[in-house]
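Both of the next two complexes hold subunit A, though its partner changes from subunit B to subunit C.
Then we have the complex of A and B:
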């Protein structure tokens, strides 16, 4: 009887000691400190994402579970493939142009004497800091089918009117142009920060070795900026793929659905068309595309990080 | 063990009590009716909300109900998103304003209102077939036709341009105060007028985008040719002669429209008319109201009138709004009582007046209110707007297809896309193939 009491007491003590040790571990403390954030992420990210997956597997009337039925249905729709094409075209073209323009402008700004640089940086950031829905509205007026300010100028200088939003190719060009206008300053500021962190000694050494302007860019600037270029491109690719406001305000997906991207088409099908499961399925198609892009880019960054 | 004896007397008493609870009578005593939450459409016309608010407040004060009202804009689809969110959450307002297709879309979560619709129809006159198609689902009324927001998108034309370029005297064809004399106003004469005004440098402005105004116009022209993409039984009828005729007509018409109409939205046609460039648009009197404020010399030349007649009749695109009561609403008896109050002729007239004639009641006896005859300038410009002589068949694009299919045809703007595709050079049969495949995709359940 006494023995058993001692054994129980020892077991309780061991359990208490184990719990005590567990609670004193740094990882446990870190977990508890991060718990509010984890809870927030679960509520605001995991739950909506899970709910979207659940919705995407319901029938149109939301009364039956159809598994991957909505996804296989979409594979058979011409409009869906048009949306896939346009989403890729929109995101990739816009990111490439934003990167090129951001890179060039960052160099210009970098070469401005420090005294006046802040003003230029501030002015160049304006398109990025204005809420896109507002600035896109201004672009809509510039592209307006009947009263385009651009066309008014073109009329006066003898160039014909351009159907900015009325023809597929021009409409695609217009939505990409506005996205580049809004997003390029972000690239510019990121690249500018990266440029400032490249040690001047590297350029001085290259200059002594007789490196040309192009060689300095190719062998010093770009390698030193690789990680920031990759991360900026990935971040922008995700945001551009998930864009909604620019296309919605400018063309609402028209003409003839040629400018629809995943977000706008999901809204058209799900909310406006009342087919919420299909809309959820459309919006989920962004996930695998972005996941693949993220894996490749982040793997490359990790590899270079370990090389360093 | 205690046994309870269930006597006939006790059965009667229990049944009566249960009936009273189920029927949940709306008891008019101080605060007995509790609270009521109402989500209404935020009207375009400045001041138009006031009439509805006043009517609700009068009722609330009389019936001792604590009513809260939210006017929700349709800008950015805010009201549509609110409806979708409330339906998903099964929580929100008791009464919700719902545009055209929403009652059919949300029918399973709406409280049937047959008990109030029957007396309202008896009192106010019958509703048109489009209102019934959109509001009576599966043989039951699921929403009450709302005056606020209901509109007819007929032609609003320039009196001077039509006379000058096309030789059409609009005021003689649609005289204020009397029945139309528009037998000659057909799709053929419409096409000739479109050509003449185009030559005169002031083309008709009929949108062919994907928004409501464009879709409604296309729907009316398709109906004029008897062209439907899906029939009432759900059969695909895309590849039929009436559809071919409608497409062919649109191809000829588009040649006389501004070249950018495929990118027009619901604001484009208004701007086209108010700027003085256009001689006709298809719109409720909001464009005229804006012109009255911003360009009075143009407003004086505007006349709202009927659609041209096609081989299968004269169809005017009618877009009714509804008031629905959520089945999960907390105070359904009070909600029904309020909707009955808002559907009384006095309340309806006050709403129509406050909207400057924009809103059209769904009931036959209430389409001849004074306001439409008196609004101006020019006086009588809105007389024919509410179709007072039943001159047009009030219809909606995509009808009579089953609702789940029709709403997709409508929101995906299949008819305008067909017209644009064919006009841009796609062979007729290829356009029909494309449309048939799209419509087939809408058959999902």
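Then we have the complex of A and C:
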């Protein structure tokens, strides 16, 4: 069936029409091969995404069309602005620290002899491999108000106990810390791959010219890795911004909504609070930031594509 | 390595003989010191999970050193592995992940082959679209999907919510775009001469795919499979929103909703459950680390 469509040998004997039909057959086969993908993405990604916009314009009982009512309601609520602030704060701070720690660790791994690198790399990527909901449980236990293992250490070295998840500022710090812990190994792996692609001759030339350690990083390593740094950071920004697992398990938004981000607040309002349209409206506010990041990533990818 | 040899001490120009190797040694020692510090930071939570999982409840609530096990016991492991509830979670997770991985690989290998080799109308746009859907997070989709499923229930009477198999429709939305994307990359890197030769020898498109592309791109397929498995095993939001009764839960949600009862935290069991739940991806990672890392760096994964 499929095979008979592509008797290339017979094509030279056939007229132009035959060749044309052949091409059409090929593209038809290709279309059918991609059809499951198209159906999946259309039904379960594109349609819900579009439906969310309509859903966000309904009243709580979903019987009345209220236009931008839900959005204006959100604008009037302090909690909403708090969620916007916290989402941005968490995403930006966490990504910056992930990037810095990832870069530093990648450098150290790159510095040691090649045969030991595999072992270290394997060990340092473990946080990324463990399902986030599971590892966040471990952090929750480490932060426990009465049995915190960190506080036990702090008690013994004479620093006071820390209310890890009990106070707004500390709870925010803890959420960012767990985010960084999970995400930094990914940056490390990406940067390590990028570091390996920087030709050694550049460093040798710089060393002969008397460049210092810092100058070599600033003038060789960073420019050579600029693309990877940018794309990794953008990806991470999207994921951290749209995160759910960590905040949900660690604080569930508390204390007093001080750690809610878009994902967890939409869940609270939409699923737990039963106000599906309002929840949809909340999650739609992620779109502008995601869209900006996506545009930059796409630009980078098409640029890289045209370079090859 | 050449780069470690260069002076760490800053821009001092008076370099004496012998100092290069001494500087190299010092840089190496500092690298190891910092790596050990970072390794402690990165490995502390899983190690602490292990420590807690070996303790009895009495030892956990006693005021002793939390970082040490005085009376190690496998009690928690035994009670979890004999609890039908926990085994149901494990079974549900395994079923969902294995079926989702299969669905994902079939859909994405077929689509990637079509997109990488056989152009059709709109195929370039579709490739970009696949990548864009990869950037759409599940936190944006779960509310409309929830409503759509309720609507389907009203319309057809099929109860989609609170059934574990509904996850079989949901997880591919997270795995397929990325797997297709990296498979397009792997397929595109296969030299055109190879499939042209197959075509000349009379192979059909399906034969070209199964006899040439899949074997040649096997590392990519392994990487994509690992990715799909890890994502479906770890997914938390969808099962939390779409399943509620205990016999339908998957592992992450099951541990969090059943082992945490009100304010009573049975931490020994929670840590044991979480550790066992983290085990499958960790074991796969331990054996197939190179494929795992190749998959990560190939497509610039979510991070």
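The rule we apply is simple: the second predicted complex is superposed on the first by the 256 of 308 C-alpha atoms of A that agree within 3 Å, B and C clash if a C-alpha of one lies under 4 Å from a C-alpha of the other, contacts with A are read in each partner's own complex, and residues count from 1 in each chain.
Everything below uses one rule, namely that a contact is a pair of C-beta atoms (placed from the backbone, for glycine too) under 8 Å apart; a residue touches a chain by one contact, two chains touch by 3 or more.
Note that the structure is predicted; figures quoted are calculated from it, not measured.
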- [ ] Identify whether subunit B and subunit C fit side by side or clash on subunit A in the overlaid structures.
- [x] clash
Open item on the list: Looking at A:166, would you say it contacts subunit B, subunit C, both, or neither? Reply first, second, both or neither.
Closed with: first
TODO: Using the superposition on chain A described above, determine whether A:61 touches subunit B (first), subunit C (second), both, or neither.
DONE: first
Open item on the list: Just checking: does A:207 make contact with subunit B only, subunit C only, both, or neither of them? Give me first, second, both or neither.
Closed with: second
- [ ] Could you tell me if A:294 is touching subunit B, subunit C, both of them or neither one (first, second, both, neither)?
- [x] second
TODO: Once the structures are superposed on A, label A:276 by its partner contacts, choosing first (subunit B), second (subunit C), both or neither.
DONE: both
- [ ] Please work out whether A:145 is in contact with subunit B alone, subunit C alone, both, or neither, and reply first, second, both or neither.
- [x] first
Task: Dominant contact partner of subunit A by residue count, subunit C or subunit B - done: C
Open item on the list: On the A-aligned overlay, A:253 touches which partner chain: subunit B = first, subunit C = second, or both, or neither?
Closed with: first
Open item on the list: Per the contact definition in the header, classify A:268: touching subunit B only (first), subunit C only (second), both, or neither.
Closed with: first
Task: Clash-bearing segment of subunit C, relative to subunit B, as chosen among 151-159, 169-177, 223-231 or 277-285 - done: 151-159
Task: subunit B/subunit C common contact set on subunit A - done: 144, 147, 271, 276
Task: Sites on subunit B touched by subunit A in the complex - done: 77, 80-81, 84, 88, 101, 105, 209-211, 258-265, 268, 271-272, 275, 277, 404, 407-408, 411-412, 417, 420-421, 434, 437-438, 441, 444-445
TODO: Please name which positions on subunit A make contact with subunit C in the complex.
DONE: 2-9, 26-31, 33-34, 36-38, 40-41, 44-49, 51-52, 55, 62, 98, 101, 104-105, 108-114, 118, 120-135, 137-139, 141-142, 144, 147, 149, 152-153, 181, 183-187, 189-190, 193, 200, 203-204, 206-207, 210-216, 231-232, 235-236, 238-239, 242-245, 248-249, 262-263, 266-267, 270-271, 276, 279-280, 283-284, 286-287, 290, 293-294, 297-298, 301
- [ ] Mind listing the subunit A positions that touch subunit B in their complex?
- [x] 59-61, 73, 76-79, 144-147, 163, 165-166, 171, 251-257, 268, 271-276, 278
- [ ] Report the residues of subunit C in contact with subunit A in the complex, numbered from low to high.
- [x] 1-8, 10-11, 13, 27-28, 31-32, 34-35, 38-39, 41-46, 48-49, 52, 60-61, 65-67, 106-108, 110-111, 113-115, 117-121, 123, 126, 128-133, 135-148, 169-170, 172-173, 176-177, 180, 199-200, 202-207, 230, 233-234, 236-237, 240-241, 252-253, 255-256, 265, 267, 270-271, 274-275, 277-278, 281-282, 285-286, 289, 292-293, 296-297, 300-303
